[in-house]
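Below, chain A partners chain B and then partners chain C, in two separate complexes.
Now for the complex of A and B:
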């Protein structure tokens, strides 16, 4: 299986590197504003924005192709070397500028319109957003359908981009794709803005009122963040399309959020996850589908959409973080819960054994002095697991007549029973509970009383020796 | 296109147009009805996630069908089943993600929407490279192809929408309470979890039946726009639901007819834009919250407040003038007021006072004599007395019961005097129990007592 994987991967060429780099740059550029949106709980706004800029982009495309037609924007001239690269650069810059302008205009229009609907029509926020962005998206699709032949826009590309094709759209006669310049530039701008306005963004995100009181303008920062997000979405648009860009905005940020609680670490990890997810996505796109489909009797399948696979890979990173995150991961939570459960089961076994030995020692017949932990068959599998670990650690001796506590086992059990009986005494002193009810709470609390609390309770109750049921409160040997 | 063709389309002479119209209108009605619940539950955008998450379901269904028996992949029923499974599992995963607690609802929905759609794109690109599989049949689910609806499709849509409408109708009370106050519903012992699941199922069902006609990208519009538009016409939930259904099918009908007349226009997008137009009209003209209506009623109350202020100003000026002589019991026609006197009474600009005066003159509460001075009519005097009385009653109330400083009561009374209903005035009188109050004269202004 691995040999097949590497065989399929060996078709990797220079162009594959550029595809991966383009995707990674787009995703990294999106990760920065995406993190801020996530922390501000405005991820939905990024979603809406990426839909709403569509008519602006289509109109800008139309405008650019119209300007090329009438000669305002010349197609790249023939020439050589640096001159052609420079010309290519300026062409990219002009075209991208037109797109930014169109997208920014429709983004601002959408924001204003949803604000107007929300305020004048007193419509709930998400519904207002829904009305505006679906309408504008419909308008964009309609425009594409109407002018598809003139704008060179394929409706499919609008949704999920065409990463493979953008890598071939090179700058002059270099091998660098134009999209690398555009998305790399966007990444630089975003990183610079984040560094410059880190303090403002942080404060206005976590405490807008304090930010306002300190003379910052949270609403202005919010508008600026929206504009930068819109620009980033447009830059990534050609490569990953309107819908998958949502994944680039949200998933790296969400993954980083699960991995860390520190803002700067989250921002940094978001970029890393974006890069890893994108490269992994392209690797998966050219290997996995063929490997799976050839086994299903569909050998024609060579590869799959890289942009789509990038979201799947990013989602894989996210799922890994959900399970394995050191602080918030499910695996850790499960492990902690399992460890606690095991500790409680072990302590309950020790306590039970101690009580039986105690009861047996008060009996006159020496034959009964040997206590057992009970029929091992009647224990649940978890209890059996606890018993095994107790035997392994030498706290329990499993003799032929049944289990018995060793010396260290007795000490541990005495400690536990001491907690139990001290708590019962404490409850009996301070709460008017019937004796029968004392046991239940003590059964729970006994596992969580440390030596300090034991000492405090004992001191408050004047070092009792008997619990309310008339049983001796044991004192472990080392504390005598 | 020839006019006769347009006529043919608009009079529904084509069997095909009738079929398509029927299917999309049924979907529009269902979308409006279910969307009305989601609007109140503030979860309008859930269906957006449901629709995007359907794509991998469609792709997988196709691939499985092709793997089992090549050539059967485009069976619409199975693709719809796949779509429904995809949507449902997407919403389920969104719920799971929210249980991490660090990822909030909006981010969870965004993640599911984009990841499922991305996975769907991967599957579509795989399908495309199969020899049998130009993805044409599948991309129709993305963009919608209303014109290609067949009678069989419409039968499926019809059955599904009857079931959806029945469910909404039979469980209307339960679903409404869930939307308005789910905690209360839970306290009543209702199975809110199951009701929520039912509502989500309804959303998935509507989303799926809408996909063949408007496409999965724009399905959400039919669940969001009609109910939001209907909100401008009514405050009653039952009426809202019905209006939303009607508006939904209306926008579908308009969209289908327009795109039938102009075939270059994609039906799905036109349906949504027809809905947007209806929304904008509703927002302008709606009788409950419409902008025009609000503006008119605000203007009316502004006018009324101006009149009451004017009359009270007249009364107070006259009261000052005539306090030493006969009092105000005589004929108001003998008590002239100048423009300057009135303007000094309140902080009116000359233009505002002039417009208020002209309204008052046309209402018949004030007359302007030949000497350019103003006189209250007897009806005007009655109204002025009442306005002043309301104002002073409220001032007295504020001083005696609300412990407000006398110097501040005038401003506060100014705000409330216009909305004092007669019953409230009676209650105030009882409360204040002052002899002076029982006469038809207004009580003396507390400010006068102070000075």
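Now for the complex of A and C:
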């Protein structure tokens, strides 16, 4: 299977590198505004923007080609060599600038419009956004249809993008795809803006009121962030489409948020996850589908949409983070819960043995009745696991007449029973509960008291020596 | 404008504040005395937070004017410390306590410049004053409510302002924090600063504050606690809103 994987991967060519680089740059550029949107709890706004910019793009596109037609702007010329590269650069720059402006304008327009609808339509924010971005996207599609002969925009391409094709759309005579320049430039701009305005973005995100009180104009910062997001989305649009752009805005940011609690680290990790996800996505796109489909009897399937696979890869990173995140991860939560369960089982075993030995020493005949407490046969597998660890650590001796506590085992058990009986005494002082209920709550609380709370309770109850049932409250030897 | 006292830290002249044309504060006329601790007291919906936000221009005032130490807010922003309600921000935001306190210095640091060590030390000193120095690198999401409130206070302290506007600093805090805040307020007063504090607990007004400002959509009374904080004035403040004000407000927003 690995040999097949590497065989399939060996078809990797220069163009594959460019596809991966284009995707990675687009994703990395999106990750930065995406992180800010995530922290502002406005991820949906990024989603809305990626659709709402469409009419702006179409109009900008139409505007540029119209101006070229009537001669206000020089039309693309045919030359060669360095001149053509320079020419190509300026053309790309001009067209992109027009598209950026169009997108930023319609993005801000969408944001403002949804505010207005929210206020005057008396609907909640997400509903207002839903109304605006779907309508604007529809308007964009309509414009494309109306001017289909002028605008060489394909609705399918708008939705899904065409990463493979944009990689072939090169800059002049070079092998560098135009999209690399555009997305790379956007990444640079976003990185620079984030560095320059880190403080301002952080404060206006965390506490817009204080930002305003300090004279920072958070509403202006908000509009600027919207515009930059819109421009970034447009840069990525052509390569990856409106749907994948959402993934690129949200997934790396959400992944990074799980991995760190430091804002600068989160921003950086977001970029890393975006890059890794994209490269991995292209590797998967040219290997996995063929490997899977040839086994399913469809050998004609060679590869899948790279953009789609990039999303899958990023999503994989996210799931990994959900599972393995150092602070919020499920793996850690499970491990902690398991450790707690094991501790409780161990302590219950110790407590049981202690009570049995206590009963045996006061009334020898009762010992047989309670012999089942430490009987290994009656234990669940988890209790057996706890018992094994107790034996290994020398807290329990397993003799032929059943288990017994060692010296250190007795001390540990005394500590636990002390917690139990102190808690019973405390409850009896403050709650009017029947005796059986005292035992039940103490059975739960005993595992969590610890020395400080023990001392506090003992002090409040004037260092009691007997619990409410008339049993001795033991004191572990090291605290005598 | 002649009746504005230049010495007053905060002087409000005939200010009316409206949300979508519906007035929530009517014709407020008030001058805060310098170097006092002043409680802003009134029932829910009386416009206490609105008053603070309006003088800081966080929400627009429909009419009237406000001056700080004789000058408009924009010229005096550096001398005014603001402590918003604790619940107004997202405490899951990825930042540590020191980072939040340093935010109070952003204005002084200025655009484009990073928070350097000098400023971090200032922030640490402010955290120390509220007794949280050892929590400097703790994520804010892991602080208790009282500790979060103290972080907010430290953020205002670090500005070294002359006038502090605090929105419900005592809301939902533990006894230790309440004690710490009171000590801090007295410390500020001893240093000649003025604090206007939105306060909910009528029991402690006389103990904690010198002056009181009774508010219920309009200014009911203001002045030294012993003169103004009377049963009669409290009855006027809490004895239901003036029904007529509400009705007129309703009409103004629905016509």
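Quick note on the criterion: the second predicted complex is superposed on the first by the 430 of 480 C-alpha atoms of A that agree within 3 Å, B and C clash if a C-alpha of one lies under 4 Å from a C-alpha of the other, contacts with A are read in each partner's own complex, and residues count from 1 in each chain.
Basically, a contact is a pair of C-beta atoms (placed from the backbone, for glycine too) under 8 Å apart; a residue touches a chain by one contact, two chains touch by 3 or more.
All values derive from a computational prediction rather than experimental measurement.
Novice: Based on the superposed arrangement, let me know which partner A:213 touches: chain B (first), chain C (second), both, or neither?
Specialist: So A:213 only meets chain C here.
Novice: Does the superposition put A:41 against chain B (first), chain C (second), both, or neither?
Specialist: both
Novice: Classify the contacts of A:358 with the two partner chains as first (chain B alone), second (chain C alone), both, or neither.
Specialist: It touches nothing on chain B or chain C.
Novice: Taking the superposition as given, does A:246 touch the first partner, chain B, the second, chain C, both, or neither?
Specialist: A:246 contacts chain B only, not chain C.
Novice: Name the contact category of A:308: first (chain B only), second (chain C only), both, or neither.
Specialist: Only chain B; A:308 stays clear of chain C.
Novice: After superposition on the shared chain, which partner residues are touched by A:122: those of chain B (first), chain C (second), both, or neither?
Specialist: Only chain B is touched by A:122; chain C is not.
Novice: Given the touch rule stated above, what does A:254 touch, chain B (first), chain C (second), both, or neither?
Specialist: In the superposition, A:254 touches chain B alone.
Novice: Tell me which partner A:196 touches in the superposition: chain B (first), chain C (second), both or neither.
Specialist: A:196 contacts chain C only, not chain B.
Novice: Counting residues of chain A in contact, which comes out ahead: chain B or chain C?
Specialist: Higher number of touched chain A residues: B.
Novice: Can A:160 be said to touch chain B (first), chain C (second), both, or neither?
Specialist: Once the two structures are laid over each other on A, A:160 reaches chain B alone.
Novice: Can you list the residues of chain A that touch chain B in one structure and chain C in the other?
Specialist: Dual-contact residues (chain A): 41, 257.
Novice: So in the complex, the part of chain C that touches chain A is made up of which residues?
Specialist: 53, 56-58, 74, 77, 80, 82, 84, 88-90, 93-96, 99-100, 103-104, 106-107, 109, 111-115, 139, 141, 155
Novice: Within the complex, which stretch of chain B touches chain A?
Specialist: By the definition above, chain B touches chain A via 39, 42-45, 48, 52, 63, 66-67, 97, 100, 102-104, 106-107, 109-111, 113-115, 117-126, 129-131, 139, 142-143, 217-218, 220-221, 224-225, 227-228, 231-232, 264-266, 268-270, 272-273, 275-276, 279, 283, 289, 291, 294.
Novice: Show me the residue ranges of chain A that touch chain C in the complex, using the header's touch definition.
Specialist: Within the complex, chain A contacts chain C at residues 39, 41, 196-200, 202-203, 205-207, 209-210, 212-216, 257, 260-263, 266.
Novice: Give the list of chain A residues in touch with chain B in this complex.
Specialist: Touching chain B: residues 38, 41-44, 46-47, 117, 120-124, 126-131, 134-135, 137-139, 141-142, 145-146, 155-156, 159-160, 243-244, 246-247, 249-251, 253-254, 257-258, 285, 289, 293, 296-298, 300-305, 307-312, 314-315, 318, 322, 328, 330 of chain A.
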